[in-house]
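A, B and C are the chain letters, set down in written order, and residue numbers restart from 1 in every chain.
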Amino acid sequence: MHQLAAKLFPISRSITGQGFRDSLVILDNELGNIMKFHEIKSGEAVFDWIVPDEWNVKDAYIITPDGRKICDFKQNNLHLLGYSQPIHAKLSLDELSKHLYSLPNKPDAVPYVTSYYKKRWGFCISQNERKTLKDGIYEVFIDSTHDKNGVLNYADFIIPASNNTNDEILISTYLCHPSMANNELSGPVVATHLAKWLRERERERVKLKYNYRFVFIPETIGSIIYLSRNLTHLQKHVKAGFNLSCVGDDLAYSLIHTPNANTLADKAAMHVLKDKPNFKEYDFLDSGSDERQYCSPLINLPVCGICRSKYGEYESYHTSNDDLNFISQKGLEGSLNAMCEIIKTLEINAVYKNTVFCEPNLGKRGLYPTLSTTTNDKSTYYYRKFLALCDGKRDCIDIANRLNIKAYELENVVQKLLENGLISDEI
Amino acid sequence: MHQLAAKLFPISRSITGQGFRDSLVILDNELGNIMKFHEIKSGEAVFDWIVPDEWNVKDAYIITPDGRKICDFKQNNLHLLGYSQPIHAKLSLDELSKHLYSLPNKPDAVPYVTSYYKKRWGFCISQNERKTLKDGIYEVFIDSTHDKNGVLNYADFIIPASNNTNDEILISTYLCHPSMANNELSGPVVATHLAKWLRERERERVKLKYNYRFVFIPETIGSIIYLSRNLTHLQKHVKAGFNLSCVGDDLAYSLIHTPNANTLADKAAMHVLKDKPNFKEYDFLDSGSDERQYCSPLINLPVCGICRSKYGEYESYHTSNDDLNFISQKGLEGSLNAMCEIIKTLEINAVYKNTVFCEPNLGKRGLYPTLSTTTNDKSTYYYRKFLALCDGKRDCIDIANRLNIKAYELENVVQKLLENGLISDEI
Amino acid sequence: MHQLAAKLFPISRSITGQGFRDSLVILDNELGNIMKFHEIKSGEAVFDWIVPDEWNVKDAYIITPDGRKICDFKQNNLHLLGYSQPIHAKLSLDELSKHLYSLPNKPDAVPYVTSYYKKRWGFCISQNERKTLKDGIYEVFIDSTHDKNGVLNYADFIIPASNNTNDEILISTYLCHPSMANNELSGPVVATHLAKWLRERERERVKLKYNYRFVFIPETIGSIIYLSRNLTHLQKHVKAGFNLSCVGDDLAYSLIHTPNANTLADKAAMHVLKDKPNFKEYDFLDSGSDERQYCSPLINLPVCGICRSKYGEYESYHTSNDDLNFISQKGLEGSLNAMCEIIKTLEINAVYKNTVFCEPNLGKRGLYPTLSTTTNDKSTYYYRKFLALCDGKRDCIDIANRLNIKAYELENVVQKLLENGLISDEI
């Protein structure tokens, strides 16, 4: 996964443009070419928004009075203010300064700044470098285009359920950030490998109870477009969803709840994440990524945000320090495993009910010792206790929470009880 | 407010009689003569009670064996047992003693004692003075009348809503205590100034969403009478109510909850008071004033008790030490401000719902920066977060509690979002 | 009660057989012969189970190589593995060892072990004695019978309500254990004395609101049989039930909740037990006695488990150390008193509603002082507060919990308010 991130890292991406398209293709190749690509024309209205013109950049830099090239887009695409207008001009340092963005409290970092919806041009520079700039005439050059006849791109695909259900689990992530690693190559990379894991299970004939919808979009405008085009379907069929963002470090596990923290997505994610190291639970008010759109009042989809260190909570967030060293294979794997556990939890989860009055005779079925002893046999404990709680109302997550284990660890118990006809999902 | 209390202080009041009427007139003059005066005849049945005969006192005192006048009603009306029968007699100290009331554990205080519903006569005296009384013949003189053809008086008025609503907020207070300051001149004084503040807002053309019903009654029998005459109307229209008592000191803020602590009155009062210094929350079981009647099971109005130091919880309660020094202008103002905040909370409170799918584009409306930065702009924060929580179910208090600010501080946010058509109260 | 336990102690009991029948007769004699005896034939199917063959034992022992008789059933019936097959054979120590049961971590105790549903023979022995056994040939002798034409016995009786109600309280206990005292002679002994207490009240013409159903069964198979034969009736009429087990020591009070901890049984038991010394609250997952059957999902009766030290939680559990010294008259009485309090709580418990608008005039009924004072009169406090909370929704337990007293302590208050027509149970 880290190699995939490294491959994507240098590409200049924004919410529109060639870099976004190139990045989608790299991910699709990793997936075995299952993505469906979509586009929407610049200028089209989506809910309260207008799709911005497609932005592409050939080059951008500043020439200092002493002839040095600085803020070179080709060296680090973060140097260019996102969606900068083209310019070729000579300016005094004072005039230039109005177009420079730096972070006094993070002096070594180049900040990530954009201006999608208001025409601006500018460069991002570290505070340390900015302080070295001397008076004189600076040449600024930005060779960018804003194409009114362009498009905004995104992609999705579905890994289908084994049955005829329309129920879906939504996995959404975004790919519109330039050269930063955790935010946001980690999300697309983990989502891609999660899809690969699901397809692997398909090949191993593990049954899938849900359709899994994967969505790769530019942040905010992308989810707004996606919702505007798929709202009825999503509101009808999505049973739980997760927005993956900042899932590449190994410092914490974070869950951003839906507004009422009461959906199946919250329940399954809590069940899995609550025992992870450095787990942090965030209120919906702390949301800052596409879960804001998915959970907005009139949309109201059951979509949580999943992070390691949450966006905005780590030092290098939205700067050049969020690089390939900040994320790690171990961090990415931790996120992938957590998502696999969440999916296994959703897959096992169901409501069952006893078929037999009173406790059944487990001993004659080899599920309980025939000799009484004073010690509890843990291997048979869960048969008895699952049956005790299995009342046609509690689902497997409820029962697992009460038993203080993970729902997916009950897979064998559920399987054996079903085989023996002791429980049924016909409530 | 303290001056108004001082003007009322010397008047001899009881649940009936001229002193109560005189006190109402003083408050009405302060209000600009908007009170409606009501009376009910002595002997009339109200629910489980009978309106007592009207009691008036011309004079009352004791002459000691050595000729000194003590327990002089004209010096301090607390000396006379409330509703004392008339008497003019000579008695031994032993016989007199059966009619003297004092507090051994508060030896300097004259206690406040009444016997409304059983015929008694008596004097209240400090324990210190009582101990100085020597054997001998005492002359007792009480020139009081109990008029079977009298009346019990009370007053109310309504400050009307700006719209055609019938919804009411009830402010109730009582005025039946003789010369004590916190309990109970503070309640009528604060209620009077709260009404003045509301009328001031009327003049400033601030819209009122509710009708405000102010009630000035004798305690207990007064609220029982008021309810017996207005029950259907009150049960239909009162959305929240507050009984003001002991609101003149500056030592604490107290809320006495309704029986289930779940009405709009509880919610609005908690929202405002919870962050006040020395806030104390009391169960309905601790109620001791007219909220007992308003919240009794078959009445079941949403009426909380509001106090500073709660009745019964402070040392000078129901004694001559509850005087004009125990209350203060600062204390009265703190109560007035809290009530104004509660009213502003009720006025702003409503349930709104987004009109737009997904987050709206706040930037184009000047409600959000057009340049992305890594810092949260607090001035725009509340627009976004209010919209995020504004789901047609949460009211403004719910949202403000979640945002950890006061609902009335959201006034500008709500106003701007309404102006921009981004929220609507048509759920 | 301790004497009754001592009388029952030496009898060899199992889930079937003469010892169980003899024990029932002893209890029935104590009760004045009110039990109804029932039997079910061996081999009959009950829900998922088959009634086992009736087991009886004439003798059982081992002769050591040096001619000593050990593991003598007649000295201590725990020495024989429950439901052992008959055998008369000579064996090496190695071969014998496969049939010996001991507890290495409790070396002085003879364990209690059974094998009801798989054919085995064996002896239980203390680890200390086992270690003294030397190589050589051992003679084992078990003279037991397993009668296919036998029966399983149990008994029940009802102490009827004073009115025509069908509502029942279920008291269940079990009697299938051989010579152990707490588990389980304490349950039958306390249940017997609880029934005697109820009959005493009957004689004193105390009205009973409920029918009290007492059930004496063998554990597990007994409750399964009882439920299979009475399920419709029990599901329709049982309002609360309690399984009594391990109620003879004086170390703790334990409550094993129903699965959702929300039935009248949980509520009444919590109300009484929560203030007992060393009270411990257990989740239904900790259940291990007949409440497992009563609360199993398709049965779903409101039956809690009541213990002093819970089964499995005390050192001597299921060993020869659970003897007559472990239980005490004081312990048994504590349990009996707690059960009496629970029954008094259930009997007093009802939902009442005020009949009068506002507070009634308690003074004219002698339920409130006619003279105001600054002290709360506790004797009248409960009249006022009961009325304040008596809203047609809260029951007496709710009100008592709020008032921080016991519901049965409100008996006089409820009585006086009913007599005065101030409350009514016609909601």
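Some observations on this one:
Methods note: a contact is a pair of C-beta atoms (placed from the backbone, for glycine too) under 8 Å apart; a residue touches a chain by one contact, two chains touch by 3 or more.
This structure is a prediction, so every number in the text was calculated from the model and none was measured.
After Cα superposition, the angle needed to carry subunit B onto subunit C is 120 degrees, rounded to a multiple of 5. Copies subunit A and subunit B of the same chain sequence form an interface built mainly from non-equivalent positions, shared numbers / all numbers used being under half. If you average the Cα atoms of subunit A and of subunit B, the two centres end up 55 Å apart. Among the residues of subunit C, none is found touching two or more other chains. Per the touch definition, subunit C reaches subunit B in the complex via residues 353-354, 356-361, 363-364, 370-374, 385, 387-392, 402-403.
Taken together, the subunit C residues at the contact with subunit A in this complex read 47-49, 82, 103, 111-118, 120, 220, 223-224, 227-228, 231, 259, 283-285, 287, 292-293, 295-300, 312, 317-319.
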